[in-house]
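The two complexes that follow have chain A in common; it is paired with chain B in the first and with chain C in the second.
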Partner chain A sequence: MSDESKKAPYIVPIGPNHPALKEPVMFTFEMEGEMVRDVDFAPGQTHRGIEWMGMRRNPVQIVHLTDRICGICGVSHTLAFARAVEQVTGIEVPERADYIRAIIAEFERIQSHLLWAGVAAHELGFDSLLHLTWRVREQSMDVIENLTGNRVNYGIVQVGGVRRDIVPEQHRIIEECLSTYEGLLGKLLNLFLDDKTITMRCRDCGVLSRKEALDLCTVGPTARASGVNVDLRQDYPYAAYGDLEVKAILPDQHLGETHGDVYDRIVVRLLEVGQSCQIIRQCLSEMPAGPFTAEEKLAKLLAICKKATGEAIGRVEAPRGECFHYVRMDGKEAPSTWKVKASSYSNLMSWIPMLRGEQIADIPIIVASIDPCLSCTDRVAVVRDGSSRILTKENLHRLSVEKTRRLQS
Partner chain B sequence: MKLNASFNRSLWVYHFNSGSCNGCEIEIVAAITPRYDPERFGIKLVGSPRHADVMLVTGPVVHKMKDRLLRVYAQMADPKLVMCIGTCGISGGVFYDSYNLEGPVDEVIPVDVYIPGCPPRPEAIIHGVVKALQKLERIQGGEQ
Partner chain C sequence: MTLLGIATMGMWCILLSLFALAGGLFLLGVDRKLAAHMQARIGPPIRQPFIDVAKLLQKENIVPANAIPCLFHLAPVIALVSSIVVLFYLPVGSILPVLGVYGDLVLVMYLLAVPALAMVAGGFASGSPYATVGAQREMVTMIAYEFPLAIVVIGVAWRLGAAGLPLPFTLGTIAANPIWTLVGPVGFIGALLLLLVLAVVTPAELSRIPFDTQEAETELAGGLLVEYSGRNLAMFYLAQGVKTLVFAAVIIAIFFPWNLSGLLAMPPWLAWPADLLFFLVKSILVLFFAVTLVRVGMARFRINQVVSLYWVYLSVIGFLGLILLMADASLVTLGVVGA
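Our next item is the complex of A and B:
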């Protein structure tokens, strides 16, 4: 019985399919009793090769592919891609389109944060709160459907502008939705932040220090909850954000202190819902008249894209943080290089310091607390000479051995 | 195969993500929340395939998930149904030419109900569940 090899740590694998996980990812926990001693994870379970497909399609088609990188932050990916292509081709986006883009992006943030709040409540076992947040979320989905025609995968952003205008009749619906949310925000803050159980479960749980947040290059609400003052809308404004007053929301504005724990991440996301409401209201009142796209005819747009050469980067503050698209075009129909870095890609590594030393029961809420989006992230593939493959562990090992031999010779 | 009486009223569904973009996932969750509330008909999302009558498969089947999909399908107790949710599970959708796809869902496991849409609306998903219920009733009636 006293065999040393039978003692802790023992290994608990979770995933790739597990009731606690909403998306496929493989975790390996090294446990000591109830405590997580170390953790490793393997994303890449839902790799679909989107970049590879994109390099065989033209920018107008890719716009609809980027919508489907992620079903929750679709407009952020499309916007980042469109902005990169617009810079390469030199297309000037009309001002009205910039405002419409900002409005849709903020509605996306509202629905995404409410969705997250519900998932977080569910992970804590507070299902009545899940149902409450998802019920109020439906109103933003209705407005998004009214504005874009779709509930998810909006398909509103096109290279050079947007595909639909916002007409004055729609202002009333938007306004109604905003005032509902502003009225609800106090209630939601009260339900989440003053609840004894949520405080006990989330305070000082899954802590990510400011230094770790900076070292691991975390982005978005995950970084802001650790006290890092980053927000692309404030630091590198795009679309209409340059004209608007956007300040990064940090937890100490609300509570006077920063812990960098799960509780702070709830604070940041809920306050951002209120901020988004203000931004949309400001956009609506300041939206200039004019065209909503630089080039309405798709054939002409394609001809412009086909002639373009150069490279550019599109950066957008998605609900989960910075979303980054690199596009290189070489005067062909399809871009010659397209690289996507989704926000969750930057945030995933922060799981490791967060989970170390925590209890097994806290795993679901800590994993959910960074709002991971794995379908965004899973794109590890190597493309060379037109043929492509995914690197397996064996492949990587072989490459590593080859490099050592090269260096030795 | 006969279904017992208690089966008539409650249909438990299990959700399997085979490489989806999350669009269908959030619409499935939206479908079980209060606006639509199918739980009043006994339709409930469960965490284990062993408890489930219906499996909802979303997404095209990517290479890594093929084996898992087959194993999860094998774990479900008979009689079982599979619902394929979303265009990419039906035909590949926008991902049709990807190198990492093991084909549409019905090339991997048998599918009973197809729900097109990218993603389908919650109403469409609930409509699909009703179709699945009708199919189970036919199985109960002795038809295969």
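Our next item is the complex of A and C:
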């Protein structure tokens, strides 16, 4: 055994089902002792065929299907889809609806980030913190239920607006929840960031450098934690965000430096909870009066959608990052193409540089640190004639240049 | 020894084994309940571990295809038996160590390592990569905490020896002469440091958070125990309970050996059950501070952090305690400070 070369690396499979993974994905780790030498992963274990179902339905039905793409960021998918359809059909969304959409989206962000914080604590073996964060998360769930009627799968967004108004009596409930969270935020920051064991486990663990984050096109808190200043709410405002003050949260705002590690991802997500509270408060005070939907009658709405032709994309900053919906409609009841790109799709590849060189003990927290949402991400890949080819960055660039030329001529 | 003597001893051993099994599971239940309350949960009933064991005993006992069956089946038995045997050498309440004449604290230390070694053997025999990694971690953890543990044991026994007591390593001597009553103020601080070291060794010995790297549910899916099920898992679970009781008994014997009957005057028929109850209360307290409170308030360490914690920090604290005890002994001998 003295010969170094005889110590072959051994393979540790993690997944498709494993306590560290909340959703199925298959990891193959090449280990050397406790250290990860190399890693590969295979998503695609939990495909549900939602796009297939959607392309056999009309946009009003699909809106409720999009709620079910993700159990956590339901409203982000709905909003992205609705915005794509609104652009194709040319429906103008009333301003009040935009504000209500933003409020729900921010509440979703609060509950999603708190849920993630609990999961992260559990992955670290800190179950008390899991129970604490999930208990305080309940209040945001209650408010969401009060506003939309549902705890998950809200069903609030419709093409052209929202399905329920926020009445003045509800302002008090929202306000109460916000002040609770603003009071709690300091405590949560203290519990997560000043805890010795969490710092020991998360600092300089699962580092994703700014360059890697850019190269891999990561989005959302994963990218921001590496110091990439991206946030759709700030870069390409949608809904009411154009009127609101939204600045991307970067870890150096809180700590003065960016490491791009798991700790920074905790910092970004927790600070975003506070930011969401401020945004909701701003929305409430600036929300204009008026209708909350462009077209109340669904039959009329369907008729508009049926006539529409064209293509559009809807982009929304979901809690996990950019959520992207592409819709093409060609004058039929169902859209001819509907493509969903969940935020985790852009983030999954960042696992590889994060995990390389780390210890087995850090695998769960690093895997969880990008807040993966695998059932939202998984798609079927159809390989025609058994031949496969890889489109590199250069290929894609060439294709897009060709398309631009085509459009110009 | 007469036949009657052997029979009495055997009877005591059987009684103690039953007490160890029941008491261990009870302690696990108390631990779960206390942890739940600290996490703002209701938690399972205290009898839950008993229900779990009863259920596990009815379940299928699966042996993986690439396991080594004889070793795989033997490991849980060794773990359970060896952890029960330790209790025969320890005072439980006012019951003096049953086999006390045959072994002392050094033997107890060796025996404490056996359940862990059995788990390592079982882990390697499971033929699962998780169990293999878990077994490696268990060995590393053992190597890490054995040294501070040895410092505590030697420190206390050496101080008793320095006080002129015969046979300082026997549990009877240690329990009869609480270290606190022998030492001066300097030694008191030294003994406190050693108690701290022993308290920090406890969660590692019992593989609880933050030192449960070898089982680490979220990392290794149970690690050492991942392939175990049914009767074998039940035995490991029982062994876990017994180990909890035994380690509490070790801490009690070394640092808190007082009995209720020694403090309050009571009729002899009451002394025995009262002391046993008092022993259980003491073990719950020890368990609460050394295990429950720690596991509720901390995240899991990485294995390299475990090693550096024990080898560097706790060894230094242990040595400091040892040096203070030595200084105390020489001060007392010189007559500077009265004991």
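By definition in this document, the second predicted complex is superposed on the first by the 374 of 409 C-alpha atoms of A that agree within 3 Å, B and C clash if a C-alpha of one lies under 4 Å from a C-alpha of the other, contacts with A are read in each partner's own complex, and residues count from 1 in each chain.
One rule holds for everything that comes next: a residue touches a chain if its C-beta (ideal position, glycine included) is under 8 Å from a C-beta of that chain, and two chains touch if they have at least 3 such contacts.
None of the values given here were measured: they were computed from a predicted structure.
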item: Touching partner for A:124 - first (chain B), second (chain C), both, neither; value: second
item: Which of chain B and chain C A:197 touches, first, second, both or neither; value: second
item: Which superposed partner A:19 touches (first chain B, second chain C, both, neither); value: both
item: Which of chain B and chain C A:11 touches, first, second, both or neither; value: second
item: Which superposed partner A:135 touches (first chain B, second chain C, both, neither); value: both
item: First, second, both or neither for A:48, with chain B first and chain C second; value: first
item: Touching partner for A:364 - first (chain B), second (chain C), both, neither; value: second
item: Partner touching more residues of chain A, whether chain B or chain C; value: B
item: Doubly contacted chain A residues - partners chain C and chain B; value: 19-20, 131, 135
item: For the chain A and chain C complex, residues of the former touching the latter; value: 10-13, 18-20, 31, 33-34, 121-129, 131-132, 135, 195, 197-198, 200-201, 359-364
item: Chain A residues within the chain B interface of the complex; value: 16-17, 19-20, 22-24, 44-50, 52-53, 56, 64-65, 68-72, 74, 115, 118, 130-131, 134-135, 137-138, 141, 151-153, 373, 375, 381, 388, 390
item: Partner chain A, residues of chain C touching it in the complex; value: 38-41, 129-130, 132-133, 136-137, 209-210, 212-213, 216-221, 296-305
item: Touching residues (chain side chain B, partner chain A) in the complex; value: 16-17, 19-27, 29-30, 33-35, 47-48, 59-60, 62-65, 68, 72, 88, 93-95, 97-101, 118-119, 121
